[in-house]
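So that you can tell them apart, the chains are marked A, B, C, D, E and F in the order they are listed, and the count of residues begins at 1 in each.
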């Protein structure tokens, strides 16, 4: 009881919250994601990362908030169709301008500028990047004025060896800064290779993000789990929660 | 009971299905593979990956669907003979044009164009690629118009270091895009080295594929297992299923 | 009883102490950190490293000591805001000059000189560096007069291969020497990738620092732990202590 | 009973078999190795790989089949002497032309051509390669007409980095193709480093071979084991079998 | 009883001994370190390696033997002060010339010559090198007359790749030879990264040293351990011994 | 009983034996090492490898056989002295020419020629190489006439990358061939890094040697073990044997 009240007090002290579209998850993290924060949703293949993103944006649509879905997958229409099969029919909202889907084409050198412009001009409340991992692997270089630009020229002008920890860290920082612009509250997915005990393939993004939601599954026990591993400005349990994935998305058991 | 009905409802909502030729497997995944999806069949040596592919195409033949078997092994006639010994006599169907076997010769720079043309023109319903692993290891480069071409020139023009995660990812994406053309529903096999806990040798393809079927064996217990590890647009159990391999292919115990 | 008295005697013999702001932690380490020492606070993401730093500096402010917070994160105002949400309102003290926040921009070649000058001129009693890890990854070179300077030119003039153990060791030594100037007692945070058993990502800084405080968490048991792993000039238990993180910072259970 | 009969039926369906010289092993794999197949015999040092090869060829001699022993060890006469000490006196059969021992000198660029010629002209029924591992490590290059030739020039003209997975895969494929010529049924030994859980040092050959026989030993229990890990066109148990090694070769307990 | 007497006999046969300053340790190793030997003291951070060195030299001072402390840490005065806090007041003995502290500046190309000269001329009975690890990482090259010299030029003239096992081995051999000059009995500390099961970071020095003393700690059980892992010319137990670290140094429990 | 008689029969069939100087070890391996064989003695630091070599040569001296001790350690006189402390006084036998100690100076390009000449001319029955590991790490190149020569020029002319498996394999083969000249029976020591499960640091020599004797120790249980892991032409148990090391060398418990 006392513990619960303490948490409530904290919630109010900790400032504004952005609901996730999963009520029980909001309960755990003092009402929702901290406003203006970046949360990493990490997991092995098939753990439900993208589905959590659909729910997060669907919740935004229901609250009349402007939403942006940035994907590293060129099959944008396939993604929209797949979301629809899970119960999230984004199409009418795309048409009325509440939500926008952008393919982040890492071969376009102007891509970051375009996305930053989009984020600034669009007044988005909710931004999803699905997924951070392929993007953060692209070699980048830093211009004199602290801009980071994807590059084809993988030698000479690079500050760090491609694929090294500091190269990945610099690139992830750049992306995170881009996402934390204005009033965005961002959710970013990240790959965890099966059998790895790290919190992301790059082992760096979890130190930069403000929060980490870990998606996991256990084939022997036929169980799916969601764990709030880190959440700045939030008192939360570290315990894994059993979930299921069905039409309508993630549900706590 | 309720659970089962819920699954049925989902199945219908989730759209058209393509049967696998293994009834019990179809039962688990709401009637079959999602139409137009790409499923990774991953496993250690001798776990039965190729046999599952034979069954998948045999089922297609029985349904009068056009089938394509792309192999990374030049011994095409040996493969057809081996399938025959397992009870799948593809020969008459090759002659009547229902199924086609193609050797994907990774040394031919035009190979992808040819296969894409084949897939488009052939109106294949079912495509198998056995196996993805050796193909995805070939160094590739990207031309200006987003084509990826296998290359002998492993220096200078490569965007990523050969064998690196982003190089493999780019190549696998390219192959997957090729396979998801038109109305194909594709099955792609992938190597898992013995003792590894990953879902493929490359640790990337499982994040790109729409589904993962894991083939496993346990010599101590003399058991073979099949696990549906991931299947987009499908509510499925994560539990491993005991199988046996015999004439006629994989059978659930 | 005897053990306890012996510890007390040691404490007095071991020289002056700097309180941490966490009473129970001070109890364990004979009254506080050894004066003029450098303590590494290592932990996985979300383990509470930065919060310990806030407490350490808040304690300094309450004792009217001059404090310096050096961060590798450019979002300085975000950090100050986040500290505030945890109950540490540094703003008035920044204005009255008791505490200073500096962003260590590793792209500026003069940065070390500036920080050394700051440390010397500022008469800081307490210095925090949060975090050591990204900084120690930057390639450096040594000039003739034993100065180490971050460099963009990662080839040729480097003594050791970038990212190698001796390169990291040399850089960390350089930073530690900078921090141990004058009467500073320093706290330095360090990343431990999840699943690693090392005491820092670099595996070197723990051998150079005078003390190591290990922050850990166990999601299965929903527990957070703090362990004093090493503390020069201090007789201390090696046992992990259960803690919780809440408004006001780290509290021992 | 039923299981056993089913196996017999399979055996006849699965086509011609080549006996191994170890009766109990033949029982397990439906009468012997599939004709024209390549079987990998993998194991740690001292596990009995070479001895299995002696038995395989001795059985051939007893059946009046022509046999070829290709070795990567230049001490050919030492090998013949060692076989003799184990009860396999190959000398008279060498003289009468039933068996031939060849040293595969990987420094000779014409070696593959010579061996292929030998295999084609010699009408060998049984071929042993002992061992594949040192041979597959040699850097090779591909000529325009798909020939693979060992090379001293380890830079520039190589398609893949020496020692990389695709380089090893290409080379092993080349060797396997050479061995599967005509009516040969081949046995190929492969090293497994102690403590490794893979099925070969290269982790690739087990995916290319038609069968895998795993040789293992357990010093704590003083036991030797043989496991049929994979065998195309064969229904077999995966259970390890206890064996002993003595004069006359491998015996099942 | 018999065992004990046998050990005593061995001790006398095994030749002269040098006491360590820790009575119980001397008991275990037949009276002390073998005269003229080199003992590696290996351990994780905070395991007490340096403190054992203080005791070893303090014992030398009490026996009126000349002592040399070679450190890889430039903060020599800090080291002397820290030793003092632990009860070893070396200052008066430095002044009267019984003990000397030298900073081994690996950037000085003449450093080895100077130290060798010091060792030869100084008639030191006891030499400590704390620690071997950072020194052995420095790239070196061999001149025609078998001298090894630290080098800034890390390419071209190096016999082995920097950081490779043979490069490290050559360098450690060079250092060990330097220390085994004249009548020295040397103690050399070495880093073991936390979580590693090796006996040193380099995995080579333990094969070259005459003895290995392993320092370990177990945070869960709050225990510190010392194990004599190897000691040439000595019959010793391999059992770990529980110790504590306090004013006066290491004490056996 | 039957088992034992069978072993005896094998022993006689298996040909001449060379006693090791450790009676119980000879019992296990059918009377001794196979004549003209090469046995690898592998172990972690301090496991007793070198002591086994002393016993092996001491046995030779007692049988009036000519012995050669090749060492990779330049401190030859130190080695002789150390052997003496263990009860093996080789000095008089060096003087009378029964045994010879040679330092294998890997920096001398003519070294292999000299040693081969020595082995051929000296009519040695027993040869020890202590240890193989540092020697096998030296880069070598192959001349046109199949000679392998240590080289300083680590680029360009090397067939395999320095430190790679095939480079090490080629070098070890070369050394093994050198040792198996004439009527020698050789014992070769090899390093196993602590915590490794391999049978040598290089993971290759155990596949080339005719026999492997594994030396091991367990600090927790204070036990030393000797295991015959492999022995060509010998039926032997795989069980570890408990030993102790004392004056006079290795003794079975």
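Note that a contact is a pair of C-beta atoms (placed from the backbone, for glycine too) under 8 Å apart; a residue touches a chain by one contact, two chains touch by 3 or more.
All values reported here derive from a predicted model rather than from experimental measurement.
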Chains in simultaneous contact with chain C and chain E: none
Maximum centroid distance from chain B, chain identifier (CA atoms): E
Farthest chain relative to chain C (centres taken as mean CA coordinates): D
Cα superposition angle of chain D on its copy chain F, in degrees to the nearest 5: 60
Intercentroid distance (Cα basis), chain F paired with chain C, Å: 51
Chain centre separation (chain B, chain E; CA means) in Å: 59
CA centroid of chain B to CA centroid of chain D, Å: 29
Order around the closed ring of chains, commencing at chain D, then chain F: D, F, E, C, A, B
Parts of chain F lying in touch with chain D, wherever the complex brings them together: 6, 9-10, 13-15, 142, 146, 158-161, 164-166, 169, 177, 180, 196-199, 203, 206-207, 209, 212, 214, 227, 229-233, 235, 237-240
Complex contacts: residues of chain B adjacent to chain D: 44-46, 74-75, 78, 82, 85-87, 107, 131, 133-134, 137-139, 152, 154, 162-163, 191, 193-195, 201, 217-220, 222-224, 245-247
